[in-house]
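Order as written gives the chain letters A, B, C and D; numbering starts at 1 within each chain.
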Amino acid sequence: MILNFLAFCTLVATLAALPRLILGPTAADRIIAAQLAGTGTVATLIVLGTADNAPALFDAALVFATLAAVSGLAFVALQRTRL
Amino acid sequence: MSLAFDVLLAFGVVFTAAAALGTHDRVASIAGFVVTGLLVALSLVRLGAPDVALAEAAIGAGLTGALLLRSAWRLKPAESRVSPPIDRIIVALIAVCLSGALAWAVYTAPGAALYPALVSERLAESGVTNPVTAVLLNFRAWDTLLEIAVLFVALILVRIVAPAHPQPVVLGELMLPFARIVVPMCAFLAGHLLWQGASVPGGAFQAGAILAGGSLVLMLGGFAVPTPRLLSWGMMVALLGLAVFAVAALSTEALTGTLLLYPDGAAKIWILMIEALLTLSIAAMLCLLFCGMPRRPLK
Amino acid sequence: MTTVLHALGLTLTTFGVSFLLIAALGVWRLPDVLSRLHALTKADSAGLALIALGAACLTGRLNTLLTLGLCVVLVALSGVTIGHLIARAHLSEGDLE
Amino acid sequence: MTSELIYICAGSGLVGLAFYRLATCRDMLLRVLSLNVLAVGIAILFLASARDAGMTDAVPQAFVLTGIVVLVAVTAALLALAEQIDRQRDE
């Protein structure tokens, strides 16, 4: 029950990055928001995996973490090629 | 509590997609799209489809995001001719009706669950214990073969239309340790996903996408410059998977008399061999789709 | 022993989640790019590490520890690298309002 | 069944949103984005309707997985074509 509530809180934290993504005056702000949302989904998966006692979700979290790293890098690198 | 989680997640998915599609800032739309992909993957996990969730996170969010970013600066924004408000109101009304009708139709559709019984009945002889892998590479392997062919056709289209843009980027000193950890991790994770795909969520597509992500890190970090030579090697690898799959289909036809019906008891070996080569081939194709192909100079 | 581990796990996870919430608040409310970056890196390193440690305590299996550890390392590493790259790009552009 | 209903609403919401954007927008990148959102919405609808007593049918899962992989190929092809159109417009 507590873990379900914690999973809910992590999702809230993930979605709380969105205002910055929409408002954020510079591109850097938006990349920061996307990065935080990526971390938030990884955390949500870990907490969900603990709550449902499904360690298979930890593997999914690992995939999400890898892809968050790759897409974050893509954001920064492809941003710089234009400059 | 779990219901509140679902409601918040569904709301987040729609809201993020609206934010991504509603803005004219390129970075905001693409970042919004990537976050939408992640949230959709999360809701697919909630819907009990972790295989699809892995593929959506890896391909739908990660690689599509990178592709869109690559094109974002090459495509000029269209001249901002806004459609008249009356048109937009009509379109919005049609869209709302479409959504409502779709939701109502899907919700009230008579659920005739025909496949689960069939799949679980034959799962023991498929050679794997993950039903999704069994469907993809045994029961309906023909579809998967054609899907790889579709990927290859897209690759040929990209080759004809878009020349490669090798752009070395200098990103600073921290890139080297980052690539040194992340790229081996990607290779390791791809192998892990490939191997465990037989019994738990994972498989060739997810593994291929992760591998492509690793090589994207190499290219974006400037460690592997996509020279024409490297790209033609990539093309060879991309072809190899398709060729091996086609040869496997023909040899099963010769061995058992049916296309892609594996010989008794050897299904696991066949599936694993095909999947391993498919992983390499899918990774090569996704990479080539990202960086484009060199165009031969006209003589 | 299991009760202690369980309580420890719950406490660690709660701490990690509150780190994440505070970081999200920071990214939302802080005034400029560099301070938002500062909030983000806390979530990437401390928040997720605490959550993963708590999850490892709660599941109590050794093989999940490896997966969770790799997760933490990857997210922390990408947070560090991308934070550095964003800050560098931001400073070199010189648009420090 | 309620949680399925929630996701069915989300999926059809995505489809409606993508349809609206496809119809009103002239920007090529946003159109490709809307096409992706449309496909994702249909995937959610498909999987939400494939759920039965806590289990998700494997065949629709395989279909959606295939669809996601084909979608990225289509996206790449569309973007290549869009770039080509832009280049020809310049000349």
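By our rule, contacts are C-beta pairs under 8 Å (C-beta built on N, C-alpha and C of every residue); 3 or more make two chains touch, one makes a residue touch a chain.
Computed from a prediction, not measured in an experiment: that's the story for all the values here.
Set side by side, the interfaces B-C and B-D show unequal numbers of C-beta pairs in contact, with more at B-D. Separating the centre of chain B from that of chain C, both taken as means of CA atoms, is a distance of 27 Å. Chain A and chain C have CA centres that are 10 Å apart. Chain A and chain B, compared by their mean Cα positions, are separated by 19 Å.
Among the residues of chain D, none is in touch with two or more other chains.
Contact of a single residue of chain A with at least two other chains is seen at positions 12, 14, 17, 31, 33, 59, 62, 66, 68-69, 73, 75-77, 79-80. For chain B, residues that reach two or more other chains under the stated contact definition are 2, 9, 30, 70, 72, 171, 178, 182, 185. Every pair of chains that touch is listed here: A-B, A-C, B-C, B-D.
Partner chain D is touched in their complex by these residues of chain B: 2-3, 6-7, 9-11, 13-14, 17-18, 20-21, 24, 26, 29-30, 33, 36-37, 40, 43-44, 46-49, 51-52, 55-56, 59-60, 63-64, 67-68, 70-72, 74-79, 81, 83, 87-88, 91-92, 94-96, 98-100, 102-103, 106-107, 109, 111, 113, 115-116, 119, 131-132, 134-136, 140, 143-144, 147, 150-151, 153-155, 157-158, 161-162, 205, 282, 285-286, 289-290, 292.
Considering their complex, residues 171-172, 174-175, 178, 181-182, 185 of chain B touch chain C.
Residues 1, 4-5, 7-8, 11-12, 14-15, 17-18, 21-22, 24, 27, 30-31, 33-34, 37-38, 41, 44-45, 48, 56-57, 59-60, 62-64, 66-71, 73-82 of chain A touch chain B in their complex. By the touch criterion given at the top, residues 1-2, 4-5, 8-9, 12, 15-16, 19, 23, 25, 27-28, 30-32, 34-35, 38-39, 41-42, 45, 50, 53-54, 57-58, 61-62, 65-66, 69-70, 72-73, 167, 169, 171, 178, 182, 185-186, 189, 192-193, 196, 200-202, 206, 210, 213-214, 216-217, 220-221 of chain B touch chain A in their complex.
The part of chain D that touches chain B in the complex is made up of residues 2-21, 23-30, 32-34, 36-37, 40, 43-45, 47-49, 51-52, 54-62, 64-66, 68-77, 79-84, 86.
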